[in-house]
Amino acid sequence: MDIKVGIVGFRGYSGAELQVILRRHARVSTLLIDHRADSAERPQPLGAQSLPRISSTPEAIQAAGIRVVFLATPPEVSLEFAPPLLDRNIRVIDLSGAFRLRTQDNYRRWYKAEHPAPGWLEKAVYGLPEFYRRDIHPAALLSNPGCYPTAANLALRPLVASGLLDLSAGIVCDAKSGVSGAGRKPSLKTHFCEVTENFSAYSVLDHRHVPEVLLNSGLDEPQFSFTAHLLPLDRGILETIYFRAPRVKDAAQLHELYREAYQSEPFVRLYAPGVMPDLRAVQHTNYCDLGLAFDETTGRGVVVAVIDNLVKGAAGQAVQNMNLMLGFPETEALL
Amino acid sequence: MDIKVGIVGFRGYSGAELQVILRRHARVSTLLIDHRADSAERPQPLGAQSLPRISSTPEAIQAAGIRVVFLATPPEVSLEFAPPLLDRNIRVIDLSGAFRLRTQDNYRRWYKAEHPAPGWLEKAVYGLPEFYRRDIHPAALLSNPGCYPTAANLALRPLVASGLLDLSAGIVCDAKSGVSGAGRKPSLKTHFCEVTENFSAYSVLDHRHVPEVLLNSGLDEPQFSFTAHLLPLDRGILETIYFRAPRVKDAAQLHELYREAYQSEPFVRLYAPGVMPDLRAVQHTNYCDLGLAFDETTGRGVVVAVIDNLVKGAAGQAVQNMNLMLGFPETEALL
Amino acid sequence: MDIKVGIVGFRGYSGAELQVILRRHARVSTLLIDHRADSAERPQPLGAQSLPRISSTPEAIQAAGIRVVFLATPPEVSLEFAPPLLDRNIRVIDLSGAFRLRTQDNYRRWYKAEHPAPGWLEKAVYGLPEFYRRDIHPAALLSNPGCYPTAANLALRPLVASGLLDLSAGIVCDAKSGVSGAGRKPSLKTHFCEVTENFSAYSVLDHRHVPEVLLNSGLDEPQFSFTAHLLPLDRGILETIYFRAPRVKDAAQLHELYREAYQSEPFVRLYAPGVMPDLRAVQHTNYCDLGLAFDETTGRGVVVAVIDNLVKGAAGQAVQNMNLMLGFPETEALL
Amino acid sequence: MDIKVGIVGFRGYSGAELQVILRRHARVSTLLIDHRADSAERPQPLGAQSLPRISSTPEAIQAAGIRVVFLATPPEVSLEFAPPLLDRNIRVIDLSGAFRLRTQDNYRRWYKAEHPAPGWLEKAVYGLPEFYRRDIHPAALLSNPGCYPTAANLALRPLVASGLLDLSAGIVCDAKSGVSGAGRKPSLKTHFCEVTENFSAYSVLDHRHVPEVLLNSGLDEPQFSFTAHLLPLDRGILETIYFRAPRVKDAAQLHELYREAYQSEPFVRLYAPGVMPDLRAVQHTNYCDLGLAFDETTGRGVVVAVIDNLVKGAAGQAVQNMNLMLGFPETEALL
């Protein structure tokens, strides 16, 4: 029998992607939780079947028999929805940044505010399956990783864990994202005429996703320089990560580090040394693809990581986490 | 009385941009030198006035009274055209990489070939006016800088010259360019369907433009990591340059370094600390715009540099050089 | 001595284009009239010179000595601004649709409302210089044409006037516009992710620009079918106009009709029969380019008209009208 | 047991789309027929499974046990491949225009050449399932429809068949296509910098796809005006079709015509009157979506038809035809 799951924020880009993926899922039936009708829906052909809708009170959600709720919402909405659902033993997968930073101190520093539910903040499990698979299964509150940190953490951890990095030289992560990462709410920043044929850096050395990378990669803040950029395209993230590893002998050794780390991972793919993935390789998939380059004479290296920000960077990873939480095959609806 | 100048390669993107700029120029008249008719020209309205054309033999160019020839051509064509023109005392502004690397050794290393005219290679003047204005005036053979190095050198030199950098940590230059930088010759790389909604890294740690940066910025190879990327847009380069400068006190000090270096430069513009230029700010102009960010607690900094690869990165800078060579106002036809 | 002109709505796309053009104009000095500061301005380099600003009361505008005000505003704002300025003998060039429909009846039909200033509605001069040059010179209130009607009227009139059309078959105008035509105010319709890689028809057979075409081309409503489409690009309009002209002998005869009509027009350019202009030919220019195709055996023909919607379709034509109103050379600042 | 099928031209855009669809198909196994290796393949992650390859001689294809060959090739290659395969009783689905025009006369007129296999030309079955389902099942040589005609024929036939059109006024089909319709072979026409931010008409009143529409819609040449345009996007066709139907009472009657025609079709979807589909509705699907608008007072109407040119316009329809030919469920691998 199917398990019922619900989506709050189904009209946004992550919510729409959740609908696409969950319609393919053989073991759940999905309900749309109608929180706010302020965003226009697309024209539909006659007879198109849309998913059933229910109202957004905790009571209605419980009465509908929903076992897992996806919050594809801004942090402030997630902070409002999560606690009453959790109190009713409804499991929550939150796609916002509301529960990612583990401690009140860390939250205060990056969000410039007190977290209203510090107990849940500490209990939340960070949903990067490649690192925390075992903790995800029993989680009540699953905090789905940010899009930039997903790519950065997957690209960095084998390297940091190897102990072969020259950390004093620091790591540079130059990150570029498509516009869907900024959400569906209209703003001048996402106006077609401001974006097309344009390209810009933002949050230079000061992005809210940085602490998520630090917490999960094993790096300290002074070691990690991050800048985000806005690409004139819909979906995809590419991060170019520069490091110095003077004790790595050659590209093959570097490659072997990654091969070992990810050989049994269904959603991380490695390229031959010197071959680089592009966004096309991962769009509309849950893969994170990694390419490596290394200059033996100087010990400088580069990892290029690409994901689809709406899939492995949001909705796809959320379903991967749901699969783990509910004991389903991890790749169900994702391959 | 007007001075006559000619363009070889006028059908390419740099050549077309040269036509646009030179038509605005009050002191020269321009002739198109018809080297190869293999590239289609655009449909024209009836009565459109095109520039006069002559054939491409050195004799015809001399007979036409041309004093300066722009070579908007691939390196191998420039290597063929430049010497016979220079032998006839016709000055040459070469937009290719054929004469940028100063020595046979350096050329051999990066182009994997012997330079066929090593004498001219050594005599060529590197046309970055902000650095070499005085040498440009008398030049017979002017080697116009590459697009990536123009932005990188303008962004780096005040910083390197200050002696405040921690060079052991290295400099990272993450560069992104529009497609016109790859030229007008059709290839799979520039096919619309391969580029749109896509983004990719190329020449990772191994781009031919690197030695141009090293030669003019004062950096050594192990200190400089460079990766190029292809943006899904027509024109513009943005470079995000990461450095460590532990002895810089604050953003204001950093800003002052740049202000002093460029305050009298007509084509370099500085933004307030923390404000970043985007491509829109410089497209179809000869400006290089610079934005700065600095984290005082850790000494990490970022410079963002933007240019139009076809203007300050090619045709505009070539005309700026021509103005200096012929004793015209440096900004003529460029503001 | 310069004549002072002012712009209301200078932050929008038409207003920004007006600034670009008027900065090139040798005979006017331009002031920005600060009506509403609700729209973000772009980051500027230090030292960038912006035009002077004044407040938006009629008194302040009069006190500043402004002789002509451009209203680059929505119709409801134009309706509010125009009458008090006209009452003070300040001439107005309105870029909105507020004063284009000549009569209260016509306005009521298409705008479903009473026009609040029917006297001015009737006195307004329709600013299509190629048709109404003589009336424009003395105009107090100049109603600048819509973008779609500018292209359609220029494409249609020689044909309609010739009397060679089979009007019973009707005329089809299939119009496509870039996104800047929808203005700078953010909306879901102009969100990058909704537009990129997408294309759609809107206002099918029911666009507010239709009456402007009927009033000026000499067609009746049942004869004219118009549909607008949104192109995934910033600027440019292309209209493909289909007609039947069984008494036209051949393409040459058709071409001659247009050549005669526009041979002395500085901003209308004709292509050889069968050669079609694209958007690139007119972007950032005040030209309207026309291409013709004709099938002699069946009498079916097509005119393709292209303009830049922000220039000939808005700001450029507005300055062309200003030049005529003030007795300046018509092409000043526009070539 | 699986049936073996092969693809010639698997590196092109239609060929790549065939691979995507056929990998999902539960009842066939697919082989790539390696005709020409002249087109670069994309970088692949390590371990990526590609389909098996065989050489392209008729003998090798027969020896491999292939029962159906898809020719995703230019007409001249299809003309070379089809006959020897058919002679060996291997069924052929040809995606080119080589066998679409039924008679030598018609072919000669539009291709300006003699058809080298007129016998096969006459025996070929035109693969538009919505019209010719019964003939498709036994076909030896299936001629897959062109992309433009697929949309046009589906949009036109209910209307033409109704007898309610005023054919003397003619039908206008204004068609716009993404760049992938031009194929993967690099050319100036498909160069990113020529296409981005541009839009153009081509083959005005003179496109090779016109006879395919005439043959299958029931229209005569003087009644049908067609112009193609190139959209700055990867995939999708939108056709805006204008007609006059004075005897149609209202939009509801028009709508009912279409509902009846397509109510049992799995891949044709209808929208409510006045609601128009956009390209996003059909990209990466095998649907043809139809929107209708009608002006009762004048009898003028518009049908908007959208398809993905690589799916319903090529590879998807080809698999739909294969399903019919092999007696599989028609929607297998396509929903």
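To keep things simple, chains are lettered A, B, C and D as they appear, and every chain counts its residues starting from 1.
Here is the rule we use: a contact is a pair of C-beta atoms (placed from the backbone, for glycine too) under 8 Å apart; a residue touches a chain by one contact, two chains touch by 3 or more.
Fair warning: this is a prediction, and the values are worked out from it, not measured in the lab.
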For this session: Consider the two chain pairs A-C and A-B; indicate the one with the greater count of contacting C-beta pairs.
Result: A-B
For this session: Name the chain whose C-alpha centroid is most distant from the C-alpha centroid of chain A.
Result: C
Exercise. Cα centroid separation between chain A and chain B, in whole Å?
Worked result: 39
For this session: Report the inter-chain centroid distance for chain A and chain C in whole angstrom, where each centroid is the mean of the CA atoms.
Result: 46
Problem set entry | Residue numbers of chain D (touch at least two other chains) | 196-197, 232-235, 276-278, 280
Exercise. What residues on chain B touch chain D, complex-wise?
Worked result: 13, 39-40, 179-180, 184, 186-188, 190-193, 195-197, 232-235
Problem set entry | Complex contact set, residues of chain A against chain B | 168-170, 172, 174, 176, 178, 194, 196-202, 204-206, 221-222, 225, 227, 229, 231-236, 238, 240, 242, 244, 274, 276-280, 283, 291, 293-295, 297-298, 300-302, 304
For this session: Would you pull the chain A residues touching chain D in the complex into a rising list?
Result: 42-48, 196-197, 269-272, 275-278, 280-281, 287, 289
